[in-house]
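Got a structure for you, questions after.
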Amino acid sequence: MQLAFTIIALLILAGATAAVALRNLVHCVLCLAVAFVGVAALFLLLGAEFVGLAQIMVYVGAVAILMVFALLLTRNADLPATGPLVSKSWLTGVSIAALVFGCLAIGILASGVGQAAPPSPQLSVRQIGEELMRNYVLPLEVLGVLLTVSMIGAVVIAMTDPKPD
Amino acid sequence: MTPWSTLLALAGDATGSWLAQLKNLATHPWVVNLVAMAVILGANAAFFAVITLLERKGLGRIQNRPGPNRAGPFGILQPAADGIKMITKEDIVPERADQLVHFLAPLVMLAPITLALAVLPYGPQLVAVNLDAGVLFFFAIGTAGELAAFMAGWSSRNKYSLLGAMRAIAQMISFELPLVLSTLVVIMMTGSMSLVEIVAGQGSAAWGLPGWNIFTPWGLAGFLIFLTAAAAESNRSPFDLPEGESEIIGGFMTEYSGFKYAVFFMAEYFGMFAVSGLGITLFLGGWHAPFPFLEWVPGIFWYVAKLVALVFGFIWIRGTLPRLRADQLMNFSWKFLMPLALLNFATAILWHATAGWQFPGAWLCRWLVCFGIVAGAFTGLGRAMLRRRQVGPRIYRYAS
Amino acid sequence: MPGFGIIKGLKETARNFFGSYHDPGRFVTIQYPEEKREHHENYRSFPFLVYDGDPVKGLRCVSCKICEKECPPQCIYIVPEQDGSGKLLKFPRIFDIDVSVCMGCQICVEVCPFDSIKMDQEFEVSTADRFGGLILNRSKLAKSNEYYHQIRPAEATAVDAQLAAERERQQAKAAAAKSPAPAAAATREKKP
Amino acid sequence: MLTLNHFLLLSAALFSVGLAGVLARRNAIVVLVGIELMLNAANLNFLAFWRFSKNPEPLAGVMFALFSIAVAAAEAAVGLALVIAIYRHCRTTNLDQVDSLKG
Amino acid sequence: MVDFAQPENAFKPGLPGAAEPACRVVPKYSDQGEREGDWLEISMGPQHPSTHGVFRMDLVLEGETVIRLKPVFGYLHRNHEKIAEQTTYLSSMPYTDRLDYFCSMTNNWAYALAVEKLAGLQVPERAEYIRIITAELTRLQNHACLMGFLMQDLGAMGTPLMYAFREREKILDLFEALSGARMMCNYMRFGGCRIDLPPGWLEQTRRLVADFPRFLDEFEALLTGNEIVMARLQGVGALSRELAINAGISGPMLRASGVNYDIRKVDQYGIYNRFEFRVPLGAHGDCYDRFMLRLLEMRESLRILEPALKDIPSGPIIDARAKLRNFKPRPGEAYGRIEAPKGELGFYLVSDGSANPYRYRVRPPSLINLTILEDLCLGQKVADVVIILGSVDIVLGEVDR
């Protein structure tokens, strides 16, 4: 358990760091996919099988692929960036991120929530489905609308103008 | 602590009793896991060898040729010859290729598909991992293929590879929707995402017909949609555009040779086995025998028989049909299969709602009504699609 | 009904699949090294030189070089024999055909006035020697009239009859002229 | 012994890495990568809190994670569509160069 | 990225290195410089699985849509015309086999026709019948193979091609029995044919002609009603009537565009006027029309073959005045053309009275039909380029000569 967590955590952090630090954008996205898979593995470790599989399906199967497509469409895939990698105020950004991590870490360690896990709950797909259809039916509907709207919006934004003939 | 940490539980039935004994001997779960992995991998690899030979023989016969018949009697050693050839061939990596990604792509393609093979129930109790969300696992794993196709196509630094990868990704994404929608009908009617329970739900025979889902109108339509989408998902003809050799040479596999190519090839066939296995599980009653009096034959036999039949269907189609064009493929998926799959949902609901009909001939009546809806939609959508593109038979005139 | 055309096609391939097992008319391939097609008499591969009797002295070729001149890819090379005084004799000292160049067009056969070069039916001429192995010299090219009869019975019989008639005509002419000079055919029969 | 703190610290680290990427990199797609990482960190928190809570029977954490994944998908689609639209317009995905409000 | 046919240097004649102006093509997106980043330039061939030989197409794609195409040929150039001017008339005959290596019989015929006009030779009646029989058999096997290749380009795993080859083998067997070679027949001579029909040949041919419709029916069942074939071929690569006429297209491709022009009818060379056959015409000029027209022409060829095999007279097969050696036609010029399976095949000869032609020129149908490739392909998908090329029906031996 501990060993599995350590391995997965290292994988996630390595993947995430590489995803934001590498020069080649395709490598970035592939490392991001590694991080996603790691997070999904953590979900499985936490006993949330359905969420873990959904994470793989959505993040690896959809988000990473979308990013790959965006890379190809914006010609970032075959033209490795030659200019400076980071923006002008990169030092500020990294400092802020480090600061945030420091604050969070202090907060977490000070809060004393580090209790051990209770026995693992039995989480079946049927339970999730029933919960979705009972207590969360309104959010589900709203989410459906949101997804539809965002899909239409994405299509409209990315659509090219009809070619002038 | 969860079903996940104890990955596999292979209990033996009539065919696998030695596995059960082994489990008693080796109490450590890792040993059992390793054995299960080895059995699944080995059996599928052997099946892969047999199927490649069968495919070449079948295609040959369709084309009035004998097929491979030089290596061994009737050419049965041909897969071995192919394997030796593949392994001993030079492994060529393009000079400007992204070496690491180029190396990883075949593995990323193959590994998830072998995982997907682990959740299929091959017989009563003969399932490596009985997942509560087995179907979801199947589709989640399948997404890795898209990434692998991209990795292969992009890292080769070849324009044909890139075109092939773009085609492969677009095709896999588009056909995942009808594939998932057609399986959702089964999940809805069975009330479970567990593949074992779905098979168990198809055991009871009625009216002399087995209780397989394919014998219901929604099951029949779902099966056909599933089969079409599955052919596209596993890049089989007539949807083999990603590697359409007459257009883009080899697609994302253009720059692969030797063993890496063999791994891609193997992944493609494993994908076909996996998706056919899913189809068998969902629609064709899994390992169930067609008739109750044949139940004494081990389930694995029926499973393999159905798998061979499905694969042979794929080969038959491959020997007959030319391939579609990329935009036609998209149209076919989004404008034909998707609406049809959605309508199939409605049909399933109607089937469910009319389950209470009691008058004589009610079953037949339900069947015909539901089938009529699906068939009508099929005809209408197909006609509309062909007519919009002004595609149809033509009559020719002669000069006077 | 959409999809009907596809089903019709599938039916057709199924018919061919099963037909290939019982209908020999559908099954056209043969297992080549074990099984060989019977060639028609007219089949041609590469040229050879016909001789009557002795493989060297019996060659019909008189080294007239017409075939060398007419050969489209120029694959024939002929040097006539000379006697001690340098006079050209009607016999080829060198007669080479580069089979790697020859395209088997049969023009040399048609233009030969002496019926001395004919088309062979041997087609398995592959060799590991890329440069020397495909240049056939006089001794490799020479094949007997019996062999010619064997591969092309009808044509060879006609040619023999024609040659015999020619010889008779020549002899008659010679007899009529009462000339001591030997007839052309007889010369060829004797020696260069 | 695995405790909640492990997961929370990992999640905080993941969030910070994503934040650093968002703030420091110039390329719009890498910025989106960072945002996705931050969302993942949040999801990890949801599930960790659900799993380590005294009473895990209500599925609030799982539900939150599921909804968050769905929203993230929508966000990625729209975000990448925007990147493509910007690229079409400005022929670059460099965020430092697309700071002009005028088209 | 895209370095050829830039608007700046495209139309400057005489500038070394400047690309040839693409004929009749308006550069569609040349004014939208900023779109160039989206272009993908690929070179299809000379080693591409479906260029039907060593042929190259430089494509510029936007997505998968073709916006520019430059055919590049000449990889198979072997100086046929100049070689012919250096050798005797007879020696060129086997070289004509190698022009369109699918149809050596018709190539022989066209060349023999030109020389016969030049030398004033009369072809005996039996030889005319033999010529028509062999030419129509050639048309059958050429069209069958073309359709097989087209289906191969569509990705049909070779099944239709194998069926076509099965029939072609039977026809080639007949050619072998007749001329001694399957493909490089070298059969016709000035003033007739080389040798008479072997015994039993006519009977075999009659049997083949009687069996052939079975193959055509099978082909039609397999392909013409197939929705995928229709969707792939219909509306793709449409060639307008005007462009077809202006570009000098000939053969089935011209008739697919609806132009009634068949040299067998127009010139009535040989004894074609004695046979009843119809000329099918297309209405759309797209790939499907080209495909179907060949199928229909095969049926018409069978209608020519049946009476020809029945009525063939006995008699000499070559003009008695024809000489093999020392053949020197009188000075003059002649153009002999026939309806080869691929279109108008013509030989133009100028004689100065010597044993070699003074000028020897081939009018190859494949090359002329290929010139409009770019017009057909613009705006189509990259997968269509392959089938458009396939439906044009080229043989590189004839294109490059």
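As written, the chain order gives the labels A, B, C, D and E, with residue 1 at the start of each chain.
As a convention for this text, a contact is a pair of C-beta atoms (placed from the backbone, for glycine too) under 8 Å apart; a residue touches a chain by one contact, two chains touch by 3 or more.
Keep in mind it's a predicted model, so treat the numbers as computed, not measured.
*Asks:* Return the chains common to the contact lists of chain B and chain D.
*Replies:* Both chain B and chain D are touched by A, going by the contact rule given at the top.
*Asks:* Please find the path from chain A to chain D through touching chains that uses the fewest steps, and give that number.
*Replies:* The fewest touching-chain steps linking chain A to chain D number 1.
*Asks:* Give the identifier of the chain nearest to the protein's overall CA centre, each chain being represented by its own CA mean.
*Replies:* Given all protein C-alpha atoms shown, the central chain works out to be B.
*Asks:* Tell me the chain pair with the top count of C-beta pairs in contact.
*Replies:* A-D
*Asks:* Taking each chain's centre as the mean of its C-alpha atoms, which one ends up farthest from the centre of chain C?
*Replies:* Of all the other chains, the one whose centre lies farthest from chain C is D.
*Asks:* How many angstrom between the C-alpha centroids of chain C and chain A?
*Replies:* 78
*Asks:* Between chain C and chain E, what's the gap in Å when you average each chain's C-alpha atoms?
*Replies:* 31
*Asks:* If you average the CA atoms of chain A and of chain E, how far apart do the two points sit, in angstrom?
*Replies:* Computed from C-alpha means, the inter-chain centre distance equals 59 Å.
*Asks:* Give me the residues of chain B that touch two or more other chains.
*Replies:* In chain B, 62-65, 162, 319-321, 386 touch at least two other chains.
*Asks:* Among the residues of chain E, pick out those that touch two or more other chains and give their numbers.
*Replies:* Counting only residues that touch two or more other chains, chain E contributes 37, 159, 163, 166, 222, 224-230.
*Asks:* With touch defined as at the start, can you tell me which chain B residues reach chain A in the complex?
*Replies:* 1-5, 98, 101, 131-133, 136-137, 139-144, 146-147, 150-151, 154, 162, 166, 169, 173, 176, 191-193
*Asks:* Using the touch definition up top, name the residues of chain B that touch chain C in the complex.
*Replies:* 58, 61-66, 69, 316-317, 319-321, 378-379, 382-383, 385-386
*Asks:* For chain A, which residues are in contact with chain D within the complex?
*Replies:* Within the complex, chain A touches chain D at residues 1-2, 5, 9, 12-13, 16-17, 19-21, 25, 28-29, 32, 35-36, 39, 42-43, 46-48, 50-51, 54-55, 58-59, 62-63, 66-67, 69-71, 73-76, 81, 83-90, 92-94, 96-98, 100-101, 104-105, 108-109, 113-118, 120-121, 123, 127-128, 131-132, 135-136, 139, 143, 146-147, 150-151, 153-155, 157-158, 160.
*Asks:* Which chain E residues qualify as touching chain B in the complex?
*Replies:* These residues of chain E touch chain B: 40-42, 48-50, 64, 151-159, 162-163, 166, 222, 224-232, 234-235, 260, 262, 265, 278-284, 288-289, 292-293, 296, 381-384, 386.
*Asks:* So in the complex, the part of chain A that touches chain B is made up of which residues?
*Replies:* 1, 24, 26-27, 30, 33, 44-45, 47, 49-50, 53-54, 56-57, 60-62, 64-65, 68-69, 72, 77, 120, 124-126
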